[in-house]
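Both complexes below contain subunit A, partnered by subunit B and then by subunit C.
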Partner chain A sequence: MPAQLPLALPHRPSLGGSDFLVADANRAAVAWLDAWPDWPSPGLVVWGETGCGKSHLAATWQMRAAAVRLAAQDLAVASVPTLLGAAKAILLEDVDRKPPEPVAWLHLYNLLAERGGHMLLTARAAPARWQIALPDLASRLRALAAVEIAAPDESLVEAVLVKHFADRQMRVPTETVRYIVTRLDRSLGAVARIAADLDAASLAGKRPASIPLAREVLRDAGFAA
Partner chain B sequence: MRPQDFGPSLEAQWVRVRARLKGEFGEAAYKSWLKPLTLVGIDDGVARIAVPTRFMQDWVRQHYADRIKTLWRAENKMVRTVEILVQAAAGNQAPAAIPATGTAQRPTASAAARNVYGSANAQANGQAANRATSSPQAANAAAQTALQTAMIGRTQDDVESFGAPLDPRFTFETFVQGKSNEFAAAAARRVADEGKVPFNPLFLYGGVGLGKTHLMHAMAWHIRKRNPQRRVVYLSAEKFMYQFIRAMRFKDTMSFKEQFRSVDVLLVDDVQFISGKDATQEEFFHTFNALVDQNKQIVLSADKSPADLEGLEDRVRSRLGWGLVADIHPTTYELRLGILQSKAEKLGTPMPPKVLEFLAHKIVANVRELEGALNRIVAHSTLVGRPIGLESAQEVLHDLLRASDRRVTIEEIQKKVAEHFAIRLADMHSPRRARQVARPRQVAMYLAKQLTSRSLPEIGRKFGGRDHTTVMHAVRKIDELRAADAAFSEDVELLRRMLEA
Partner chain C sequence: MKITIERAALLKALGHIQSVVERRNTIPILSNVLLEASSAKGGAGKLALTATDMDVAFVETVAAEIAKPGTATVQAHTLYEIVRKLPEGAQVGLEWSAEKGQVALRAGRSSFGLAALPADDFPKMAAGELPHAFEIGAGDLKTLIDKTRFAISTEETRYYLNGIYLHAANSNGVKVLRAVATDGHRLARIEMPLPEGAENIPGVILPRKTVMELRKLIDEAQGAVQVTLSDTRVRFAFGEAVLVSKLIDGAFPDYERVIPSGNDKAMEVDRRLFAAAVDRVATISTEKSRAVKLALSKNLLTLTANSPDAGTASEEIEIAYQGAALEIGFNARYLLDIAEQLEGENAAFKMADAASPTILGDSADASALYVLMPMRV
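This part shows the complex of A and B:
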């Protein structure tokens, strides 16, 4: 008999600002975002490795600032004024991996700065590391306030793991949680993945989220068990 | 109400205001809406203008009142605001005539205040004006406060709406001069001080973030302050382009031309961005020639000298170089330090000289990044409530200062720690338990846990296939030792810094 295929019931991750877990790794970034609109520059860069929680924070800010989210591929020199409209806050995500066209980006920056607006940029690496061929833009971006979200410490990994389980309405014993935490890379991306995998495996095999199941899931995901 | 002072000079001013309106809005609009305006008088800073119907009153208020106000202000400094009245009411000053001081100016005032970039005070006033709009009196009062908070010349921005607002931080007073920028600064002062046009155009060029925009804003502020009648327009080349594209789309290039050709001083920043844009370049060239012919001052900036600008037609290139070409060189250490000191003073945050020297030494690319770095340090200290020190500054700017963010690997940690304690690298993996190798190995595990995002089992494997509980034990052990032994703790800290550098 084939293993039961779990339905991809979309669990709803809560993205509310108060729901975000503040820890040492992201405390500075949260403080910077809270300080909006009193930023010392026309923008803020929040950077950190995959799964550090950038998008979650960005979405929270977007809501509060009523910011317009722009997609890099839509930005062209001619479309900048239209895309910007009357907005005073802009969100651009993942700009080091998917950078907008530089001249359009520069014009967007200038028009926004001129009206006293702000842009929030998220990226994997710090602005000083971005490959920007246009010097005018590069220097503006490097002058922006920038804050890193560090790799989460163990207590944050644990807290986020528990939150993921709760979001998925899973009951996972404390010892299983501890077992996973000590074996996982310190990345919230890894946490999200393991929570999803464990959920799926538990549903498919109709097995409780026990240590033996966690061991299998970790091993399948490539973590030393 | 006092009888109106309606002398010949006031009449002459009104004629000039009307002529400007005609020039700006064109014959058709002038005929329909502006020709029927009659001046009732000026009293207590309020210019009262009458129109025949209530509908016209609404229309003129919405579309022209701002413009009229600013043109009046340019003619007559006593005028603070403009009231549009319906004729009958204007005659007997009936209370039915609702003062027109409201709607037209209110958003302008708050917008102007909010535009004072970086000024929390003005921002608060802008919000106050917004909140208070439910009550006209309160709104007016708030708008007045906001206007007063906004700097001199600010109000001119609404008439020169096709230009960009000026940054109040960019004045001659805040421009720190050194060898690398003194020629450009002297040329800028000369142009701003002269009533006549000393050289046309003034062309400023230099690398990014060296103060071209600062000088241009400073000139515009200075000219406006000295002579509010002169129409000074500052904008970036790309904004010129966007407005031109817009004008073409709406088939309104005539008013675009009129707009730009009626200014007294035109400052266009970053002209390199119109290179290769043929239609925009052509239009810019016409504007340029028209203004030069009228003996109006033009100031341009670019990242290169006219001769080196690519994508420009030769005739354009050669005309750009006709006036005075002044370049700004990269900063020296002394200038950077001077800029930092001046900026820190303005921020009002106590800043250890060591930190400023460090920044002036380390951040050499340009002034924009230098100021950006200073802003980050100050804001971070405010956010986390810690005083500014050399170490915290380095911490905050680590992404700028370090050559790369490449994470340190477990192998590098093992190598460094082995060197430091003078043991063999192989001892990191060996089963030997002698204290002189076991302790360094624990330190290496501890650092691997701190500096990488590897999991405990992963770390254990890299140390000769040890169990993750061994790693946990090592981390606990080193934590204990660090708490008990300050010298040991410093040793570990030193290793951490060497690995992170």
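This part shows the complex of A and C:
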């Protein structure tokens, strides 16, 4: 059966502080970020599974702390002072999957520590499990305060699903939302994926976001519909 | 209120009015047209007719003989049907009677008593402050609508695609007014020199119904249309007629990101021959998918379609094409819709591969651009 491909129309997720949904799973992380700049170490690690809300929280903190977001691939020993400039707050995301060059990273750490600054690191796994080749850096990173964002409960899954649909400006009936929530893994990564899949399927098929469509999307994504 | 009015003038105005009024209304007064009769001091009398569905309001003013100024509301469709059936050249008398709660309509030997509702209950649609104003030729507005409206989404899940996105943009250093519509399968973008006063307009999404009502009015309009807008309302004034509409409360997607810039497989084909061939070949494709396959080789295009029930079809056309061989599927309906919008001799295609957006346009006219997603065939 020939299938129409949809245009990849982009959407703008709202990452404002008031858009973040605080629940048991992320309350500790939120408290730590709210406590900035009173952190006991020159940095904080926020870790948790894909889509648990790390990036959203980090973006909120970045705004408040006027932090500079650095990309791992830009980090080299020579470029660190330029990239850092006069900044006292740095954001590095996804450091266990895309780690910066270790010597440059250590250099960045030392410069920040000297000026009493902070770095926020996000990752999928806890710092103890990161593969860091440079022992000096590894020990410093393991000494940072690290807070986990846990798997969400059902009410958070539902609230986040509704937020994803709102970000995508989709009208989705409450019964479809309930249908999805009761069949989905308790992972916000899965929530983001289902919202994206339902958006694409509805656009490709020019179909409303109904339970039958949700059933197809869940089945295709490997959930028991 | 007591007035006499020419049938033709009343019919024309009611013709415009009645399409704004929804057939089914849970709020009874929204089925009605508001009649407001007034006369200037010692001057000509006029009747203003207003209809609204709370999202769009339309007012048209016509000349009338006013014996007694005043207001009333009656069912719009009923009034339209009566006036339509009256003989040509008839003079129509309308009189509001408070004790009967009716409007009496008299023309020749016909008389009707029309159920009326108090004019005070008629919802006023406030336009609010409209800080931006510009003028656009009726012909230009017609072009903006005609070349984009086929691509407006009718699926309600994505309300922000149920209209035409109108905004000021910069096109290679030239300031332009752009209209864009997409249903997620295809996208239409047309632009024209930016009218004076439109430099700072917010990007607005005109709802489908407003677009359709506007389009009906343009055919009879002459000269320029006055457009005023804010970020929530828009107002179009054509001589005696004024359309005020709410705008879609949503953000139109950053559509430029789905317009590819690196498509290097360029094909030109005679637009009419192409459309006729697509139409013929698509006779075979299933009603549901309407898929046709385009196979391009050096200067030759082969169109094919097949369906398990109906069989197969194939047709060859000469084209101008120097790129690598390519096979790509499209919905025939979409190809025909776009071919219909093109005006030049040749349709110009720019393709990348069988899964990426294709750009279509007029080889002679860069102001209109269409993006079409392929089908997986």
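Just so we're on the same page, the second predicted complex is superposed on the first by the 218 of 225 C-alpha atoms of A that agree within 3 Å, B and C clash if a C-alpha of one lies under 4 Å from a C-alpha of the other, contacts with A are read in each partner's own complex, and residues count from 1 in each chain.
Quick note on the criterion: contacts are C-beta pairs under 8 Å (C-beta built on N, C-alpha and C of every residue); 3 or more make two chains touch, one makes a residue touch a chain.
Please read these numbers as outputs of a predicted model, since none were measured by experiment.
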Contacts of A:Pro135 with subunit B and subunit C, given as first, second, both or neither: first
Touched partner set for A:Ala72, first subunit B, second subunit C, both or neither: neither
Which of subunit B and subunit C A:Leu83 touches, first, second, both or neither: neither
Which of subunit B and subunit C A:Leu144 touches, first, second, both or neither: first
Which superposed partner A:Val172 touches (first subunit B, second subunit C, both, neither): second
Subunit B versus subunit C as contact partner of A:Ala204, first or second or both or neither: second
First (subunit B), second (subunit C), both or neither touched by A:Val22: neither
Interface residues, subunit A side, partner subunit C - complex: 1-12, 169-172, 202-204, 206-209
Subunit B contact footprint on subunit A (complex, rising order): 28, 31-32, 35, 37-41, 47, 49, 77-78, 80-81, 103, 106-107, 110-111, 113-116, 125-129, 135-136, 138-140, 142-146, 148, 151, 182-187, 223-225
Residues of subunit C defined as touching subunit A within the complex: 153-160, 182-187, 250-251, 253-255, 257-258, 289, 291, 329, 331, 355, 357, 371, 373-377
Subunit B to subunit A touching residues, read off their complex: 114-118, 120, 123, 164-165, 207-209, 236, 238-239, 242, 245-246, 270, 273, 303, 365-366, 368-369, 371-373, 375-376, 378-380, 383-384, 399-400, 404-405, 453-458, 460-461, 468, 472
